[in-house]
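Common to both upcoming complexes is subunit A, partnered first by subunit B, then by subunit C.
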Partner chain A sequence: MKTLRQLLPLLIAIVLLVAFFAFFVPGGRFLTVSNLLDLTQQISINAILAFGMTLAILIGGIDLSVGAVVALAGTVAVAVLPHAGWAGAAVAGMGTAAAFGLVNGTCAAKTRMPPFIITLATMLVARGTALRFNEGRPLPVPDSETVFLNLGNARLFGVVPVPALIMLGAFALTALLLHRTAFGQHLYAIGGNREAARYVGIPLARRETTVYVLCSLLAGLAGLIHSSQLYSAEPAAGQGFELNAIAAVVVGGTSFTGGIGTMPGTLIGAVIIGILDKGLNQAGVHFSLQYIIKGLVILGAVWLDVRRRK
Partner chain B sequence: MLLRLNAVTKRFGGIVALDRVDFELRAGEIHALLGENGAGKSTLIKILGGIHRPDAGEILHNDQRIEIHDVAAADRLGIRLIHQELSLAPNLSVAENVFLGREPQRCGLLDRRRMFREAEQLRDELGLPEIGDVRMRVSELSVARQQLVEIARALSVKARVLVLDEPTASLSEAETERLFVILRQLRAQGVGIIYISHRLEEIQRLADRITVLRDGHSVGTQTAAELSQTELIRWMVGRELREHYPRPPWMPGAVALTVRHLRNAQVNDVSFELRYGEVLGFAGLVGAGRTELAQTLFGILPADGEILVDGRAVTIRQPSDALDAGIVLVPEDRKRKGLVMTDSLGFNLALPWTRAGHVNPSRRAEIVNRAVRDFSIKATGPEQPVVSLSGGNQQKVVVAKWMERQPKILILDEPTRGVDVGAREEMFGIIRRAVEQGMAVLLISSDLPEVMNLSHRLALYRDGRIVHETPSQAITAEEVMAELTRN
Partner chain C sequence: MNRLSLLFLGICGALLVGCGKQSVESKGRLFAASFQTMNNPFFVELNDGIKQVVESHGDRLVTLDAQFNSLKQKGDVADVLQQQPAAVFLNPVNWEGVKGTLIEAKRQNVPVIVVDAPVNDRDLVLCQVASDNVEAGRLACEALAKIKPDAKVVILHLSVNKACIDRVDGFKAEMAKHPGLKLLDVQEAKGTTEGARPVMRDLLGRFPDINAVFPINDPSALGCISAIESAGRAGQVTVVTVDGSQEALRTILAGKLHSSSAQFPRQIGKVAAEKAYDHLAGKPVEKDIKVPVKLITRENAAEFLKGP
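The block that comes next holds the complex of A and B.
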C-alpha cells in the first residue's frame, strides 16, 4: 500500500503522457493495441538495464559500462553462434558480461576507487574489445539461427513480444531479490548507512561484488536481445544506453545518494522514458527538440521527487 | 573472568589510541568506562566488537586466549555493541533494522510477517512501548526513538557481553530509567555490561566498578562505591578541577549583539544580549538546539526576528552577511564544517581572504605567519596538510582563520570537543585573549564545568529556547543539571 502511494505520482504521469500523445499523435495512432505492444518491445532493453542500474545506484554506486557490455556481449555471442549454437552463444555472451561485472565489483569493493571511474574505464575496455572483433564491422546473425533470432523478434501467440516477456521476468526476479530477500535488505542498509551495515556484520565486499555482477549479467542479457533484434552484432551498439538506464532509474524515484528506491519505480521510470521517446517520435517532433524535452522531463521529475522527500 | 584485556595497544598512524591497556569484565557486573573525549574508550570497545584489531596485547575470554577478527566473530562470542553514532539503516523499518544481518527467512525469502511479530514481541518484552509501530521507517522516528531501536536490536540476541556507548545521550529521564531497569535485569542474568557515559551521577547509580582511561592509558579500576565524584573527575582530567578553568576577566563594555524573538523550526523565540568583553555561555544537553541557534546567527538557517549589532539592525541571510556584521562562527564539527581537510594549513588560514578568488602571496604569507605565531600552531610549515595536524592544532586553525578579520562577535560551538587536555587549555587561553581584546564571546559547550567556569553569564538552553539566564557564579552545577534535564 505504502509503495503504491509512493508510486502514484509516477502512475499519474504515465496516464497524463498517454492521454497527451493519444491526442497529439496524428490519426490516433498512439493509443492502439499494436502500438502499445511495440512500445513494450522498445522499452524492454532499457528496462532490463535499469533494473541492474537500480541495484548499483541503491548501494551508492553506478555502472557506466552497461552500454559497452551490451555491445560486447552481443558481439561475443554472435561470434560464437555458428560454432556453439544458441545456448553456447548465450553462455559466452553472459559469461563475458559477468567477467566485466566481477572486475567492476571487485575493484569497487576492494579498492577505494570510485565506481564512476572504475566503470568508466571498463566501459572503454569493453567497447574497445567489442571493436576488435571483425575489425569493427557488424557480424550478421545467420538466418538459420531461429532460436536466437526469436529472442528479440518473436511474439508469443503472435501478439506479445518475447523481449517484453524477458523484461517482465527480469523485473520479477530483481524485484523479488530486492524486496523479498535478506540480500535486498542488505543493499538498502549499505546504501543508507554503510558503516551501520558493516557494524551489523553484513559482508560488504561480497554484496557489492554481487550487485555489479548482476548489473553486468542483465547488460549481457540485453546485449543478446539487442543483437537478435538487429539481426547482427554491432560493435558500436549500445552507445548511451547507460545514460538512458540511469534516467529511468532516477525518474523512478531512486536516490543518487543511495539507500532509497524501488524496482517497481524503476519499471515505471523506464515506461515513462519509453512513452516519451515513442510519443515524441510519432507526434513528429524534431529529434533535436526530443532531446530537449526529455532532458527537461528528467530534471522536473527528479526535482519533484527531491521536494517530496523533504 | 568473562573478558580480560592484557596490555592491549592500538595505533592509528602515528597516534597511539590505546597504550598497554588492561581491562577486565566479570559476568554479572556493570562496568563503567570513563574518560574524556579521545581517551581511547571508543577504540577499546571497537576492538571488542571486532571493528579494530589490536596491534599488541591479548584478549582472554573465559581465560582462553581469543582473536576477534571481525564483527561476526564478536557476534559468535555474544558481544553486542550499541554505538554512540546511530548505526541504523534509515530507509528500513524498525523491525527490519532490528533483524538486519540475520533476517528470518522462509524458502530463501524474507519472512516479514514473522519479523514484524517478533519485533513487536521484543518491544513488549523489553517494556519499550515508546518504540511504537515496528513497521515505521527509521528515518521518520525521533533520535530518541532511534536510540531505543538500537538498544532493542542489541538485546534481540542473547548477549553475554553488552557494550553501551553513551546510550542515554538522547533519552528522556523516563526512558533512561527504563533502560537502567533492563540493564540490572541483564546483570542478574549474568551478562557482563560495559557502560560508557559522561554523566557521572548516572554512573555512580548504575555501575559496580569503574575504569578510567586517560590519553590512551588506563588510570585505574575501582569499585564504584569507593570512588567519590571529585576523585573520579581528578582521575579523568588528571588534576584538580579548580585550576583547570581560568575564568577570563570580566570587562563588560557596550552591548555588541542583541537578539530579539529569533525563531525558526529549531529556534523557539530566543532573545538575549551580549556585551563586548564578556563570555555568554550556552549550557544544554546534546540535542537542545544550541548548534542550530549558532547556525541561525551565522546565517546558515533562515529565521524571523531581529538581530542588532552595535544597536543597529542587521539582516543576516547568509554567512557573508554575518561576516560583514562582524560575527564569526567556529563550528561544532571542525572536520566537516571548519576546515578544508584535503588542503594545507596555509590554504585554510587564507581561505576567508580568497573570496574574490585570489589572495596575493605576500599577503597570504603574512596572514599565515601571524596566525601560526599568535596561536602557536604546531606545524612544519604552511604547506603541511591540515589532516596531519593534531585535533587541537586543527581547532586552532579554525579559530585563527577568523581572527585576522578582527571580528566583533565570536561564536564558539563545542570548541574543546575531541581535543586533548593541552589543546583544551590553549583554547581557554584563546578565549581569554579574545575577551581581553574586547570581543564578545558566545560559548556553546556540553561540558558543564567548562561552560560554567569560563562564562560570565550563563544561558540554560532546552528545546530551542533559553529557559533561564543567570550570572554563572550565582548557580551551582546541580541546579543547572536539574534545569536542563527537566521535562
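The block that comes next holds the complex of A and C.
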C-alpha cells in the first residue's frame, strides 16, 4: 500500500501524458494497440539498463559504463555468432559484460576510488575495445541466425514484442531481488548509511561487487537485444544510453544520494520517458523543442519528488 | 502547490499545448525525414530542400534528429510509420542497422528514399539520392591535369566512407587518361583539418618533389594548406578537393586552393522530394540517382559565395 501511494503521482503523470497525446497526435493515432505495443518494444532497452542503474544508484554508486558495455557485448556476440551459434554468442556477450561488471565492482568495493570515475574509465576501455572490431564499422548479423534475430524483432503470437517480454522478466527478477530478499534490504542499508551497514555486519564488498556485476549483465542483455533489433552490431552504438537510463531512474523516484527508490518506480520512469519521446515525435514537435521539453519534464519530475519527501 | 510550481507547470503546459496546436492545425499529407545528425549544415540544407518541395504541395514534413544513435533512428521512424506517412526520407546512421526499419516500412507500404549515404539493402528502398562522388573526384583530377599535366600527386583518404571511396575511384580513373600524372602515395587522414595537417607535413618531408595533393574533402584540404604553408612551400603545391563549402570558396578566392568540386545538398533534398511525388503519382523512379556536382575554381567561386 505504501509503495502504491508513493507511485501514485507517477501513475497520474502517465495518465495525463497519454490523455494529452491522445488528443494532440493527429488522427487519434496515439492511443492504438499497435502504437502502445511499439512503445513497449522501444522502451525495453532503456528500461533494462535502468533496472541495473537503480541498484547502483541505490547503494550510492553510479555506472556510466553501461552504454559502452551495450556496444561491446553486442559486438562480441555478433563477432562470435557465425562460429559459435546463438547460444555461444549470448554467453560470449554476457560474459564480456560480466567481466566489466566485476572490474567495476571490485574497484568500487576494494578501493576508495569513486564509482563515477571508475565507470567513466571502464566506459572508455569498453568503447575502445568495441571499436577494435571490424575497424569500428557495423558487423551484420547473418539472415540465417533466426534465433538471434528473433530476440529483438519477433512478436509472441504475432502481437507482444519479445524485447518487451524480456524487459518484464528482468523487471520481475530485479524487483523480487530488491523488495523480497535480505540482499535487497542490505542494498537499502548500504545506500542509507554505509558505515552503519558495515557495523551491523553486512558484507559490503560482496554486495557492492554483485550490484555492479548485475548492472553490467543487464547491460549485456540490452546489448544482445540492441544488435538483434538493428540486424547488426554497432561498435559506436550506445553513446548516451547511460544518461537516458539515469533519467528513467530519477524520474521514477530513486534518490541520487542512495538509499531511496523502488523498481516499479524505475519501470514507470522508463515508461514516462518513452511516452514523451514517442508522443512528441508523433505530435510533429520540432526536434529542438523536444530536447527542451524533455529536459523540463525531468527537472520537474525530480523536483516534485524532492518536495514530496521533505 | 506554491507559486513556483504552478509557474513551472504553466510553462510546460503552454509549451506542450503550443506545439500540439501547431501540428493539429496543419493539413495535407505527412512526410518524414530522419537524419543521422542535424548538427551539420550539410543536412540542414538538405532538409530545407526537401521541405521546400513538400510544402509547395501543401503537405507537411516532420524532421527527426537521430543524434548518431541507430536505435533512436529506428524508434523515430517507427513512430512516424504509425501515422501512415506518404513517404520517409532516410539518412541512415548505420547502413547495416536500418534493415529492420526498411523491412517495417516495406510491410506498411511506405516508400523510403535514402538521401546522401547509401544503404546495403537496395531492394527495400524506393531510390537513393546522393552527390555524384565519382564525378566529383574526376573533376578534381581533370582540373589538376589542366594546369599541371606532369604533377606528382598524393591523396589523403578517408577509406571508411563510401562517398570518399567513390571520389578517389573517380580521381584515379581520370588519372589513367593523363599519363603525365604520377601518384606518389595514398594516406589516411581522417577527413578533418586536424587529421590532415600532420599527415601532409610528413608527406612533404618524405617526397621533396610533391607538387599536387587531392584531400578528399574541404576540411582536410584546409589542413593540407596549413601544412604546406608552414613547410614554406606555399604556391608550389596545387590543392584540389571536393565539397564546395563557404570556407573553401573563400580559400579559393585567396588563391590558396585551386578547386573544389561542389556538392549541392539543397538540390539533393529537392530531387529526393520530387522523386517521392513522382512515385506517389504512379510514375516509375530509377533506383540510383546522382545529383550533379560542379567544379569551382577562381573564375566562378564568387557567384557561389553567400554573404560577406
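By our rule, the second predicted complex is superposed on the first by the 310 of 310 C-alpha atoms of A that agree within 3 Å, B and C clash if a C-alpha of one lies under 4 Å from a C-alpha of the other, contacts with A are read in each partner's own complex, and residues count from 1 in each chain.
The criterion applied here is as follows: contacts are C-beta pairs under 8 Å (C-beta built on N, C-alpha and C of every residue); 3 or more make two chains touch, one makes a residue touch a chain.
What you see is a predicted model; the values in this text were computed from it and never measured.
A.B. asks: Once subunit A from each complex is brought into register, does subunit C clash with subunit B or fit beside it?
C.D. replies: After superposition on subunit A, subunit B vs subunit C: fit, no clash.
A.B. asks: Between subunit B and subunit C, whom does A:Ala196 touch in the aligned arrangement: first, second, both, or neither?
C.D. replies: A:Ala196 contacts subunit B only, not subunit C.
A.B. asks: Would you check which partner chain A:Tyr188 touches, where first means subunit B only, second means subunit C only, and both and neither mean what they say?
C.D. replies: After superposing on A, A:Tyr188 lies in contact with subunit B but is clear of subunit C.
A.B. asks: Once the shared chain is lined up, is A:Gln239 touching subunit B (first), subunit C (second), both, or neither of them?
C.D. replies: Only subunit C is touched by A:Gln239; subunit B is not.
A.B. asks: Decide which partner touches more residues of subunit A, taking subunit B and subunit C as the two options.
C.D. replies: Between subunit B and subunit C, C touches the greater number of residues in subunit A.
A.B. asks: Contacts for A:Lys110 in the overlay, against subunit B (first) and subunit C (second): which applies, first, second, both or neither?
C.D. replies: Neither partner.
A.B. asks: Per the contact definition in the header, classify A:Leu289: touching subunit B only (first), subunit C only (second), both, or neither.
C.D. replies: A:Leu289 sits against subunit C, while subunit B stays out of touch.
A.B. asks: Is A:Gly259 touching anything from subunit B or subunit C once the two structures are fitted on A? First, second, both or neither.
C.D. replies: In the superposition, A:Gly259 contacts subunit B only.
A.B. asks: Can A:Gln229 be said to touch subunit B (first), subunit C (second), both, or neither?
C.D. replies: second
A.B. asks: Between subunit B (first) and subunit C (second), which does A:Glu135 come into contact with in this model arrangement: first, second, both, or neither?
C.D. replies: Once the two structures are laid over each other on A, A:Glu135 reaches subunit C alone.
A.B. asks: How far apart, in whole Å, are the nearest Cα atoms of subunit B and subunit C in the superposition?
C.D. replies: 18
A.B. asks: Under the contact definition given at the top, report the residues of subunit A touching subunit B in one complex and subunit C in the other.
C.D. replies: none
A.B. asks: Subunit A touches which residues of subunit B in the complex?
C.D. replies: 49, 51, 70-72, 75, 81, 83, 85-92, 96, 100-101, 103, 105, 108-110, 153
A.B. asks: So in the complex, which bits of subunit A are touching subunit B?
C.D. replies: The contact residues of subunit A facing subunit B are 176, 180-182, 184-186, 188-189, 191-193, 195-202, 259-260.
A.B. asks: Which of the residues in subunit C come into contact with subunit A in the complex?
C.D. replies: 5, 8-9, 11-12, 15-17, 19-24, 26, 30, 38, 60, 62-65, 67-71, 74-76, 78-80, 82-84, 94-97, 99-100, 120, 160
A.B. asks: Looking at the complex, which residues from subunit A come into contact with subunit C?
C.D. replies: By the definition above, subunit A touches subunit C via 20, 23-27, 29, 32, 34-35, 38, 42, 45, 135-140, 152-153, 226, 229-232, 234, 236-237, 239-240, 277-278, 280-287, 289, 292-293, 296-297, 300, 303-304, 307.
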